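Each remark here refers to the structure printed beneath this line.
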Amino acid sequence: MKSLNIGMIGYGFMAKAHSNAYLTVNNFFKLNHRPVLKAVCARNEEAVRAFADTWGYESVETDWRKLVARDDIDAIDVCVPNNLHKEIAIAAATAGKMILCEKPIAMNAAEGEEMCAAVEKAGVPNIVWYNYRRVPAVTHAKNIVDSGNLGRIFHYRANFLQDWTIAEDLPQGGNALWRLDVKAAGSGVTGDLLAHCIDTAIWLNGGIKDVSAMTETFVKQRMHTETGKVEEVGIDDACAFLCHFNNGSLGLFESTRYARGHKALYTFEINGEHASIRWDLHDLHRLEYFDHRVEGPMRGWRSIHVSDSDHPYMSNWWVPGLNIGYEHSFVHQVADFIKGIESGQPAAPTFRDALETQKVCDAVLESGKSRCWVDVP
Amino acid sequence: MKSLNIGMIGYGFMAKAHSNAYLTVNNFFKLNHRPVLKAVCARNEEAVRAFADTWGYESVETDWRKLVARDDIDAIDVCVPNNLHKEIAIAAATAGKMILCEKPIAMNAAEGEEMCAAVEKAGVPNIVWYNYRRVPAVTHAKNIVDSGNLGRIFHYRANFLQDWTIAEDLPQGGNALWRLDVKAAGSGVTGDLLAHCIDTAIWLNGGIKDVSAMTETFVKQRMHTETGKVEEVGIDDACAFLCHFNNGSLGLFESTRYARGHKALYTFEINGEHASIRWDLHDLHRLEYFDHRVEGPMRGWRSIHVSDSDHPYMSNWWVPGLNIGYEHSFVHQVADFIKGIESGQPAAPTFRDALETQKVCDAVLESGKSRCWVDVP
Amino acid sequence: MKSLNIGMIGYGFMAKAHSNAYLTVNNFFKLNHRPVLKAVCARNEEAVRAFADTWGYESVETDWRKLVARDDIDAIDVCVPNNLHKEIAIAAATAGKMILCEKPIAMNAAEGEEMCAAVEKAGVPNIVWYNYRRVPAVTHAKNIVDSGNLGRIFHYRANFLQDWTIAEDLPQGGNALWRLDVKAAGSGVTGDLLAHCIDTAIWLNGGIKDVSAMTETFVKQRMHTETGKVEEVGIDDACAFLCHFNNGSLGLFESTRYARGHKALYTFEINGEHASIRWDLHDLHRLEYFDHRVEGPMRGWRSIHVSDSDHPYMSNWWVPGLNIGYEHSFVHQVADFIKGIESGQPAAPTFRDALETQKVCDAVLESGKSRCWVDVP
Amino acid sequence: MKSLNIGMIGYGFMAKAHSNAYLTVNNFFKLNHRPVLKAVCARNEEAVRAFADTWGYESVETDWRKLVARDDIDAIDVCVPNNLHKEIAIAAATAGKMILCEKPIAMNAAEGEEMCAAVEKAGVPNIVWYNYRRVPAVTHAKNIVDSGNLGRIFHYRANFLQDWTIAEDLPQGGNALWRLDVKAAGSGVTGDLLAHCIDTAIWLNGGIKDVSAMTETFVKQRMHTETGKVEEVGIDDACAFLCHFNNGSLGLFESTRYARGHKALYTFEINGEHASIRWDLHDLHRLEYFDHRVEGPMRGWRSIHVSDSDHPYMSNWWVPGLNIGYEHSFVHQVADFIKGIESGQPAAPTFRDALETQKVCDAVLESGKSRCWVDVP
């Protein structure tokens, strides 16, 4: 068993999910590498030290450049706001580190291009944390699509609905609220939520050709936690777009943080000539499937409880009928990333894959402003 | 087109449902007979006249014996409390009338035997209004069972849960509340609700061998509307029973009017070696089906929206996806009853069929008292 | 009881639904008028005579002008393809007849304007058959919205998904298939299905300001039943659009006949500051409701089984828990139309109301072609 | 941070779930003790060594008596077939070890009594792994019940349905299949599955007074893996029972391994005067709640997605909308067990609590044989 020494940057929600995955993966997956929590880095020393204690990180750093320079680190995990991704990732690549970067890859596609160039030049393994690909039901959907069972595809629709920013007195900036600050996040729901929908969509249904979007900022001004002043809100609170896929199917996407009653309703549906599939993160262990080739009176939407040993990843966990949850998608990503290192077949989505999603996000934001259809480059 | 002259006895909820069925059936089903609302009968002249006006009955009677004696009546429809079924049905049979009798057939099996003897001696067409057999999804379930697709049957379970008698100040007796009066109803949920469950069960899964029951009366005394006095409640408010079917499968039945949140939750489920079926009256247009012969990763409970033209009865109604409701089960029963007359193949359940259900009800009530297993004769 | 003499034009699916409503309404609703099926009209004499026999129409006509001219007709019901609405409706109005017209009101808003002018000049009662407003759950949604319970509205989304035209060998034109023929229908899913979504949306959420649409014709050529030749398909097989409502909320609409697995999935959802509502035609008796003002740990989407006597229209039907279906929405519309005549408060949607929907449809189709945002006039 | 040195006996499915809980608990819960995987014990040395490697146990034993005798062990975790519980638990108690014992507590209540006596005499912390109490939705149900919100309770029903033993060629005995061998398991579904249902029921609804049961063995003979011979099957394949609770409510329980389509359908429902609750393990993150005190037209079953920070245990995990799964119930039990040690308020269910469940199981099995109602002692 070889060690894979992790240098984590950040100590927020995502750092927690990733740390859990590193600690857990070898208990459930047969691998030749074991992730070791070597160091965690953040500017706030007290906070990062507490995080290190909880999770068992061997050391802490308060300057990410030092972390990147350490010889005992194999892989850098980037769990910081989007505006810091590029600089860190390029430095890590230059230092020859593997990189596991939170999504979206960057503030925009131009930054993403630079990052791709850096990791490809350095030849370091790289991956972006679009974790929902590895919810077993979603992976199962991918397998069904790849089997060709659906026939010609007519429609793809997805949405990601939340309701946590409706209160007008919620501030922007600082800790968990950097997602409301356009300087840190680059965009609102587009980069945060639609990026997930787009990543899955491209994976399942291929590239997107053009888009027509509508964006909205419902709460125009919010207190900024760093300045203490009420400032303009620069992010998109909601975004919906129409699109054409390269395969001729039509796409419809929507995301918002103002859909009362939905905490994290990420759903997608794909309609093919012969069969359709749909999924919802709120019940992430179920995949809905409709097969028109079934004899007429017996046709219906089938709710597949994705918990059997012949379902993706599930033989590593419990027994049929017993659910796993959100965090396991990260465990699967770590397992696949390590298998990718071991096999030489890199696990997706690489930086290059994630760049495609970023290009769509850029086009969506542009279309939201121009009120015109925009081609995805 | 021949007439089928109907003489209705009663003007309550069931009389309304049946009258609607008589008026509607020829608009949707091709038949050689058309029901004609010839007369309606009840002791309360004012009420029955109002009912006749609403529904277009040609005449009214206040003495059912006169109705039964009329030459212009072909069929008697018995929509009165259970304690009156026997006398009316026997008189009607003796007068050579066809009989459509509300369920349960009688106060007990002994009465039911007399009624069977009468109709069989008279050779008159007869049927009991176990209408749920003819909800399309339930008929579809019957077809699936009869196809043998389920393999050996292991389990049958059904319940009928309501919540409308929880209030202690609800009286017993009189109009709609005769169902709480043991003298009129014979029993509580057993004859009212479990009888439906048992009828469907015998139809789908064959005869019942023995039963072990538990009955309860939660509210022991209620004001009686006829006496104006608080009187003992003689009915069973709730009843559950275990049983063995003749085919070796196990049965579990429950009914109550004290299940808060359930208005009319009639569900059944049948588990076979290869496949299972379940249904719920609250969503009566859906049939749930699980087929284990589907390849492993694609197995799931399938929700069949029973609204296609190749589903039972549905080609007579609208187009796929558009629901019919409760009342249509009565229309189907009238259609089938008429087809039975025309073809000489009587529609079920006949009095004889309904007697089997009554025998199980009797055994259940006896077991509830004796706290012992009771064989169904 | 006064008569309301109906002159029906057409004998297809909608004529069947309306005829059933006319025959049934007085059995369940207290009204001072009783619809009388006086005459039905269609060019195919044999077919129209068979229809008259089934439904009990007193007479038949083969020329609608004759029907419109008859003195014994009070109201004309227009159940013919869209390209015939205008001429018939204007003639009927000129003849002083009430008009109940199938939806969409016309081929386009220009025609609709002429029709509005005609009925308003003539002062005749008029209504368009946007029947889904009167599904009890939908009416209940309207009542909840009108109560102000939802607070500021952020989002409205609706779709109407079907799958019946996927087969490429399905022809266009003739009988039920006129909906695929642009000359008879004017448009495809936009006028047929989205029109329903838009009507409900405007009713629930107010006017629509501007739209950006995407339309698609998946099957480009189909045999035409009238010419026997393969011809270009002129209709939109699928259409999706983004929009802004006048109240500042965002709208997202989609319709298609290529969504495998959906027979008639008409859903809408409205997200307000305090509460959200959603509904689905496939389970039309249920309304989903989420109320954020409930104490935190007890919050959840509530499935309201709209079958109680305090739900809209339901006191006229059965008892709690027992469903009504699709056809009842038409009965309700007839009941309300008659009440409107009796009270002098016309039932909606009038021609003028339906014109608003038509304007949105026109804008959607224009945007689909121009690939630009289009203002709704 | 103090160590809590664990000595695990067994290396099967449950040992895996418990080990994961020990390793994970401190990452998510603030505690003063950290479980340390000190030793794991099983007769098969090769297998137990592999298990130790995977999970990081510091040492292995092949004789549980040696493990129990070790000074460096604080707590013994009993993950072996039921027929071994008693001897091990008593020895561990005598040695002054804390005990975490798999359920059911023993082969029967007599054994359980001895075990209770032993732990109580020794004064050692003890708990039984009825883990489902600590699924957040189930704990939430307990809180709602304890609030008194339900009013007088009328009904409790539960079932636990599986389908994994339908194949007749499935053998009995050996590894995972000891559950089919009556000598190792003591009973079939009663001790394995109904025991869970009964534990939850007593916890939520109080003690059970008497029972009437029906048991069945569908497959009468199976190959035994230890003898290689076809032997009689001694377990109950299915069991259903009626009961009275001490609070006057009626109970209905069912369990089977022959319900095709159900992998692990553990559901319960409780109906009170004012409100009802239901839950299903297949969607373990949801709690269904019906509150009759809501104004009439707005009443409905509410699906509470138990993933908010004000839901039990959930503030320790992710953010609203993101599910946890089956394994987390064990983490919660470890957290609570440790808190119990630290606070001196022992976490339930203790051996004494679990004995109550065992008494009901014994009565159920006795009633299944005698076909009579049996009082629970």
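Observations on the structure shown:
When the chains are written out, they are named A, B, C and D in that same order, and each has its own residue count from 1.
Everything below uses one rule, namely that contacts are C-beta pairs under 8 Å (C-beta built on N, C-alpha and C of every residue); 3 or more make two chains touch, one makes a residue touch a chain.
Since the model is a prediction, treat every value here as computed from it, not as a measurement.
Shared contact partners of chain A and chain C, listed by label: B, D.
Matched by residue number, over half of the contacts between the chains of A-C recur in the interface of B-D, chosen from B-D, A-D or C-D.
The interface with the greater number of C-beta contacts, when A-B is set against B-D, is B-D. Ranked by how far their CA centres sit from the centre of chain A, the chains are topped by B.
Chain B and chain C have Cα centroids lying 36 Å from one another. Chain A and chain B, compared by their mean Cα positions, are separated by 55 Å.
If you average the CA atoms of chain B and of chain D, the two centres end up 42 Å from each other.
Residue numbers of chain D whose C-beta contacts span two or more other chains: 262, 301, 305, 308. Every residue of chain C that touches chain A in the complex is listed here, in rising order: 154-155, 157, 161, 163, 166, 212-214, 216, 218, 238, 240-242, 244, 250, 252, 254, 256, 258-262, 271-276, 290, 292, 301, 371-373. Contacts from chain B toward chain C in the complex involve residues 13, 17, 19-20, 23-24, 26-27, 54-55, 162, 164, 262-265, 281-286, 305, 307-308, 317-328. By the touch criterion given at the top, residues 140, 143-144, 287, 289, 291, 296-305, 308, 310-311 of chain B touch chain A in their complex.
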